[in-house]
Amino acid sequence: MALLSLQNVSVAYNKQDILQDFNLNIEKGKLISLLGPSGCGKTTTLRLIAGFLEAGAGKFLFQEKDYTKVPVNKRNFGFVFQNYALFPHLSVFDNVAFGLRLRKMSKAEIEKRVARILEIVNLVGFEKRFPQELSGGQRQRVAIARALIIEPDLLLFDEPLSNLDANLRVNMRVEIRRIQQELGITTVYVSHDQEECFSISDQVAIMNKGIIEQLDDPATIYKHPKTKFVADFIGYKNFITFDERIDHGESIQLLINNHRFAVKRYSGAGYDASLIGAIRPDHIVIKPHSEERSDENSLHGTIKVSTFLGRGYQYMVETPIGQFTVNEETEKPYSIDQDVILEFPKEKLVLVE
Amino acid sequence: MALLSLQNVSVAYNKQDILQDFNLNIEKGKLISLLGPSGCGKTTTLRLIAGFLEAGAGKFLFQEKDYTKVPVNKRNFGFVFQNYALFPHLSVFDNVAFGLRLRKMSKAEIEKRVARILEIVNLVGFEKRFPQELSGGQRQRVAIARALIIEPDLLLFDEPLSNLDANLRVNMRVEIRRIQQELGITTVYVSHDQEECFSISDQVAIMNKGIIEQLDDPATIYKHPKTKFVADFIGYKNFITFDERIDHGESIQLLINNHRFAVKRYSGAGYDASLIGAIRPDHIVIKPHSEERSDENSLHGTIKVSTFLGRGYQYMVETPIGQFTVNEETEKPYSIDQDVILEFPKEKLVLVE
Amino acid sequence: ACGENNSETEGTETGETQSGSPTELVISTWGFAEDFFRAEVYGPFEEEHNVKIVLDTGNNAERVSRIEQGSSNVDLIYLSDYYAEQGIEAGLFETINRDNIPNLEEIYDVAKAPTGEEYGPAYTIAQFGIAYNPDQTDQEISSWADLWSEELSRNITIPGITTTSGPMFLDAASRVAGNTEFNEDEAFAKLVELNPNIVTEYGGTSEFVNMFVQGEIAAGPIMEMFFAQVQESVPGAVFVSPEEGGYAVINTINVVKGTENKELAEEFINWILSKEVQEAATVSKIDSPVNTTLELTEEEAAGLTYGADVIESLHTLDMGFVNEHNDAWIDRWNRELAQ
Amino acid sequence: MQEKNRWLALFTLLVFIFLLGPLVIISVTSFEPGNVLKFPPEGFSFKWYLNIFEVQMFLQTFKISILVSLAGNLLALVLGIPAAYALSRADFKGKNVLNAIFISPILIPGIVLGFTLLKYIIVTYQLPIYAGLFIGHTVIMLPFVIRVVSSSLSNFDFSIEEAALSLGAGRLETFFKVVLPNIKTGIIAAVLIAFLESFNNVDISVFMTGPGISTLPIQMLTYVQYYFDPTIASISVLLMILTAVLMFLIERLLGLSYFTKR
Amino acid sequence: MKKRTLYLLLLPGLLFLTIFMVVPIALTIGTTFLQEGSFTFSGYLTFFTDDYFMSILGTTLRVSLLTTITCIILGFPVAYYISKLQSRKKVILLLLTIFPLLTSPVVRSFSWMVILGKNGLLNNVLLSLGLRQEPLEILYTPTAVTIGLVHLFLPLIIVTLVGVLENIDQDLLRAAESLGASKVAVFKKVVLPLCVPGLMIGSILVFVGSFTAYTTPALLGGRQRVISTFLYQNAITLNDWYLASIIATIMIVVTFVVISLMNKAAHKLNPKG
């Protein structure tokens, strides 16, 4: 049984539905990420769980009890805000101790616990500082410590790393994951950053306009997006709408304008009639025109645009069935208007709804 | 002769040096990016060129004239601000026309030019809107149009895309590059985003604490970082400090604890005595322990941490000469504590100062 | 200005010299009955003499200080005798030329030179007595001493020491204490005894009227000329000339030193003593008259201090003496009473 | 939570009754026919409204009040806006001291300010009373202007100014074309608040009266020394109507939110 | 900004205040230490050893502090309520709050006379409801002055506090709640400390305003003198400028002392305020 369960929940602002018939189940000890474009309802979901927001309809079960009407301060959930929301008038120590003081803990006990948590988040020696005197990453850690110390039954993160620079982000996400696993706290994590979500989560939910389009473990989502929206969102830039499809056991044959393609059947997928194929720019193989071209999963094309990306080049390639975006790490870039061959590896081309 | 030339410029805030003996030359029609960690002085450099800031020492030549004392409003440089800095009380049309009106242009002429520039930035039909009524990307384009329309002799961009989401960023940077090349305007571009800098620039300057550590074309910087700082900054996460170095013509032999490594000599490099090798996580090849290991550029190791990144896995691998971070796109992940072989391709391992 | 051009009287004759911009005559006065004074006193005078009268308003004390500070360019000043005396001692006033004021002949002797021959006359004399409301108290009031009655506990007001009538009431207290000569200590002692009866002191007569009408107080000392206001709202109210004698409130007018319009000022003084103005003031019940040529019916005289016998019966204070002790009295009053 | 809000709402209602009740009472009593304020009034009459226009000094001091407040306001803006701009734009030594000086007219007791102004400006410097009144009111308006304008400048994004410079606008042009239009709200608020502060001022004006010169509040004070009749209440009602109309106009022209920004 | 521009912008205002405020005040204070050309404290000695003077100062301080505290107690909940309202309602309530500010203090005191008098509205209500046998004697007491002053200054503190409350990041309140704080605890531990700067400004405005108020005590206070009426009496009625200057100096000093004490208290509540 899931620790937390949202059942047919609806939320509306000003009569406009944000979440509608929303369902989500989370198991104890897991970290689940919500990923989706801006405005899709991620924050709304978190705020709903935290109790900052009341659902218009539906049920919110926690440990099999109805939590719909339980007030925020009785829920014992930790919330880490995007902007940290540290109390500016309190020192690091007092910020972290805030929740414990409300629980009427003895002074000695509070000091012990704060010391321990500050050690975990690596902030020993910063007790007397005020939030304004900390760097972004340090504030972040205070916010996490403040949420953790009350030993919450659930931890909610709203884009906690969005204000940090690349290096700090990576360090912090490793830290968060470590702490979460160490203490075994069930966590819901919201972020814009895909790499972050994939690297930190047990499960990822891809949201679109208030519904979850796909909920799976990170690798599955990455390799087997269910829908066109999910595929597009996680970086499948190339889509082919086929004319015909013939299923051959483990392999599926697809046709478009006399071009033949084959994909591997993915057992987890329920989209038995789909005609849309998707592939990442990284996965299309680009070859000089001079090399041999196989009949299947391969096209002639012409380079239209070429951009240096750092770890390689990105090309826009014009083909008889449309333009494709292709990334290549080759040393020698292809030049504009050069003719090339594109290959679409069978196991990388996926079918989506 | 360079169009713009900063010579031994110094800038200090509150007696603290930000730029010291700073030199930069830019040729006409080129786009040069400034890239560097937060606080390294990128914005300061731009503001100095724009004239918002006075240099404490040094010279600023523009078209071989001394521009040090020329006031901002006489420089005719376009500045595109990080936060756009659109005039909130003026419509899109009036924002764009602002510079022309100051130049006492006839009404008909202004209308013609604004119409043309709005077409270039794809904002026809938005003339009457106010900045608050535009999306981030649209504001961005107004800011660019406003800077472009005065036909500036130099265009300065300060993190113009930092507030946009991933998709919009890519579109906008393509646009900026197109316009810049079409009109042939010399441009200085500041950004945190490496991919952005690499993809848009003719040249990239990597800055560190107020000095330029390396100024080269993007591909050179990417493949041949000169210094450890540059290498680290652009993603060379692995460094090996060798004990000994033997130069053999095109190839260099390096030794550490009986492990032998070889690198290719890079003709552009002047660091003839360097003992530090650097390599990207992407470029280290990881193989099962069972496969054969060559004597050179190869190590035994043990997987310590494994993280899913989306397009593959990242491993922390413990070896006799230290920990390495390795990215692999393989389907089947290695498990924790598994023994593996790491290979360091000769042409990917570089020496840095 | 256009009215002037059309007028057929002196306006046209004196037009040669007086037309153009009118002279400005600055008169310092209380702020009451401004509409009456405009219509009946200033207006006609302005027209006749092509002057423009500008007012400086405020209570006695404020206006004297202002002149003393030199912060105003007043030509003429209305003051009660007590403040007039202060002004004189501070050397603020011009001596007047009595020849220029023929109407002086027509007024009561006491009014002719209340502060000395060199200075301005009184243009009105009123009685300071007691008003009370028989509906609000069972106490019959006929003397100053009656104010001390326990019946009137928290039911009276008295004038503040810095008002014109303050020293008069102090003198009354001395009389109630049984002295014929003023006895400062006993007066103050007596006033302290009065404290339980006092709701508050009043600074302006309006406060008295207000308190009286609102029922905050049942009785209190007041000048007769303001009694009309009281009676308007409380018809049953009674004004009493106390058995120990009422006090004469003498309002004077003086020419201020440094004036450039001395003759005009004297002209003005003459004007306000004239039967015309005095009568108008009487009819409107603004001021009691000093002009003896005025004959009033009983009805017309109601609420006014009228008749030579009445005037003569009133006590007058020696303003020189008052002035000399004033600061000390204020100090004692503040300390011993007002806490 | 609902429960608590209801108590809070009730409390707020009571406080508003406390705040507005007296104004209602005053408005009602202004129609009292008798010569003393009474509540409830004993009749209905416009007599005291007419009386306002019979006493010349009311009209005259009303004019002076308006004039002094407007002129002082103008001078306060002319002095205050550049100072507020400099204080929020530049960082320099002694900024705190200057800030304190500019705000101090609020902190110095008004009656003391009035007294010293009388003592020095009128008596020692021998300036005419008009000048004293004008100067005194400017002094008390200045901190309000600076505070309000500063706070709207602090929300102003100065890169906008730099944008204008880089497009070729000179310093002054930039100020008038870009800065001023964007702090318009703040300036309107400053004008309003300073005007109220000055128009109702007693502390300073009480020392600054002279022949034919006085402000409406002082004239009202003088008047009540002799009459406690409803004239004063009538004046207030007229002023309230006037301000209500003004507010309505401003709301029509600019929107209500202009009042709330302080 | 260039130094020269800076001076150019600051100088006019600064000169104006220097000539018309700083110098006169400094001179006023200066003269209190000079008597017949020599330096002396005697004026102050007289003042501070005189029970009468001290009682006036004491009453004034008491009344102004009481007013300030009452304003805070009444104003805070109201400001809190207003700040939580939606914008339309908020604006209307704010307008209603500001409205009394537009009415002259003279008139407002009048209405309190009508309300608080022996036969005033309040007593009429109390007597007719049988809540009291005897009318309350409020008018012409310090209580009446306090009521009048609270009425005068309450709008100021409400408007100031609404401004501050609106700027508090709502996430802070949510953070506190999610840590287990009840509404009351959120208010005490987060809202209140964060309001301290606004509370300070508001309290200073109220305190200085009531400490220096002239009209209200004069009309409602009866025989009770306060320091500003005392200053006025000395300066204008008695023409005793030396004493008036001493009172003025004492008023300035007391104001600054009280403000700095308030600052200290505020710092305790919120060290970062």
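By written order: A, B, C, D and E. Residues from 1 in each chain.
As a working rule, a residue touches a chain if its C-beta (ideal position, glycine included) is under 8 Å from a C-beta of that chain, and two chains touch if they have at least 3 such contacts.
Predicted model only: the values in this text are computed from it and were never measured.
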Chain labels contacting chain C and also chain E: D
Third chains touching both chain C and chain A: E
Highest-count interface - the chain pair sharing the most C-beta contacts: D-E
CA centroid of chain A to CA centroid of chain D, Å: 56
Approximate Å spacing (C-alpha centroids) for the pair chain B, chain C: 91
Chain A, residues touching no fewer than two other chains: 71
Numbers and ranges of chain E residues touching at least 2 other chains: 113, 120, 235-236
Of all residues in chain D, the ones touching two or more other chains: 1, 37-38, 118, 224
In contact (per the touch rule at the top): chain pairs: A-B, A-E, B-D, C-D, C-E, D-E
Chain D residues touching chain B - in the complex, by the definition given at the top: 157, 159-160, 162-170, 173-174, 177-178, 181-182, 184
Chain E contact footprint on chain C (complex, rising order): 61-62, 65, 68, 154, 162, 198-201, 203, 210, 214-216, 327, 330, 334-335, 337-339
Chain D partner contacts - residues on chain E that touch it in the complex: 1, 3, 5-6, 8-10, 12-14, 16-17, 20-25, 27-28, 74-75, 77-78, 80-82, 84, 87, 90-108, 110-115, 120-121, 151, 154-155, 159-160, 162-163, 183, 204-205, 208, 211-212, 214-215, 219, 228, 231-232, 235-236, 241, 244-245, 248, 251-252, 255-256, 259
Chain E contact footprint on chain A (complex, rising order): 50-52, 71-79, 81, 83, 85-89, 98-99, 102-103, 130, 132, 146-147, 150
List of chain E residues in touch with chain C within their complex: 52, 55, 113, 117-120, 137, 139-140, 218, 222-223, 225, 233, 235-239
